[in-house]
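Listed after this line are the structures, all set down as structure tokens.
Next come two complexes built around chain A: one with chain B, the other with chain C.
And now, the complex of A and B:
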């Protein structure tokens, strides 16, 4: 499933489009401590977080994440959007909580109704 | 003229919910003096309310004093804010208090938050939970501190959670800290432009002075801390971990 399909299926708000919306999503990762994400997230995963410091963009780049979904209605700040555009990292926002998002993403990736 | 200061610049009082009630101004200054510390800072969570009483006690005992707060930013990063004078510190403290969520403290869960006077009598109870994240981002916090003449120092950068590097992975672009505090023996690579600061982060009197920083400076001020970090004209700093002899054993020896 591509990130674009996932975003559409789960009704996410686009905060920053990203360079490769056709990239496929291999899984997901939840976390707000960036040191943990750097250490444990895998390339191609979509990252669910409420951390919205601009450092999230660099973390997504370093790990090679498919994109970032800000959970629980958190919106990207101007600093995040600026860096996301420059870096080509897709950023979305969802009113779902991290828990609900994780469940819905997992079901969607398994080909079930989300 | 340059002289050496043995500094412990991260100490909580009985006002911090995590600080023991035994952390009274007199107990703090007694412990500092007994442990050979001659320069202390009070750094309660998100407030400077207790600093004046400790400053007076320190002055009575001939210790140097620095005003401080330990902020918790919106990213849950702990950031020390140091000021030379009471006025700047309290003005800053009032400003950040407006950004502190209006959640009440639950003493049974978080601990007591009491203000005491020079006679160690409880004169006020802080009702709002102090160990909470300000609605203030890291960059703005640093800007507020600097524009008020203070010095911003990220606290225990390598600690999980609440250390800057643990929370944010690395020092954000555009931020530079002359000094950074760490639990470990060295700063993480991302802090390489900062000089290592060690303090006790004491919540109990016996911890005061266990980890100190030796400053070689002209006087105990924020400006001199900056000069020490830059190594200007013979100034400098080094850290030391010390094994302290409990006072009772010391007396018997």
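And now, the complex of A and C:
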């Protein structure tokens, strides 16, 4: 499933489209402690977090994440969105909680109704 | 943004001067290093490991150092060496600092998701070689070595 398809299926608000919306998503990682994300998230995964400062863009770049989904209605500021666009990192916002998002992403990637 | 230089012996070197408390730009140097490593032919997997080590080192300079420090990356044919160095305050108990979960991060950093006590342990476990020297009042020097994978195809499917 591509990032674009996932975003559409789960009704995410696109804040930064990113350089490769057609990239396929391999899984997800949920967490707000950046070192844990660096240690455990894998390239191609979407990262669910409520952190919304500029450093998350660098984390996504370093790990090679498919994109960032901000949970619980959190939105990136214009400055962070600018950084994301420049870096080509996709950033979305969702009204779902992190728990709900993780469940919905997993079901979507498994081809089930989400 | 800083351009890579080339040492007298031909080794490609990236040098970034990181400012203390410059949280706004935290991670920017590491993201740039990773991108330049990829552009220079380093595999995605090796560039990613180097990026993670550099990111943790960069954030340590920002969060903990008195006056910032240097993040330096040398690219050898068989390895990538990353040096992070500052001139204070120094680490009192290195074993404790290397214990996962131990952190002395200030509140402002933990609120941003830093200070999980995983920075130095992440650098150590992501590297093939890891050295740390620190003296209170003098500073800290961390040197990490990443052996490059022989086959660049190992990066396929592991993102960019």
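Methods note: the second predicted complex is superposed on the first by the 114 of 114 C-alpha atoms of A that agree within 3 Å, B and C clash if a C-alpha of one lies under 4 Å from a C-alpha of the other, contacts with A are read in each partner's own complex, and residues count from 1 in each chain.
Convention: a contact is a pair of C-beta atoms (placed from the backbone, for glycine too) under 8 Å apart; a residue touches a chain by one contact, two chains touch by 3 or more.
Everything quoted here is computed from the prediction, not taken from an experiment.
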Checklist entry - In the superposed arrangement, does A:35 touch chain B (first), chain C (second), both or neither? => result both
Checklist entry - Looking at the overlay, does A:61 come into contact with chain B only (first), chain C only (second), both, or neither? => result second
Checklist entry - Of the two partner chains, chain B (first) and chain C (second), which one does A:44 touch, if any: first, second, both, or neither? => result second
Item to check | Larger contact residue set on chain A - chain B or chain C | outcome: C
Next on the checklist: With the touch criterion stated at the top, can you tell me which chain A residues are shared between the chain B interface and the chain C interface?
Outcome noted: 32-35, 38, 51, 53-55, 58-59
Item to check | chain A residues touching chain C - in the complex, by the definition given at the top | outcome: 32-36, 38-39, 42-44, 49, 51, 53-55, 57-59, 61-66, 87
Next on the checklist: List the residues on chain B that touch chain A in their complex, please.
Outcome noted: 75-76, 137-138, 160-161, 165-170, 172-173
Next on the checklist: List the residues on chain C that touch chain A in their complex, please.
Outcome noted: 23-28, 30-31, 34-35, 44, 48, 51-52, 54-56, 59, 112-114, 116-119, 122, 125-126, 157-160
Checklist entry - Hey, which residues of chain A end up touching chain B in the complex? => result 32-35, 37-38, 51, 53-55, 58-59, 77
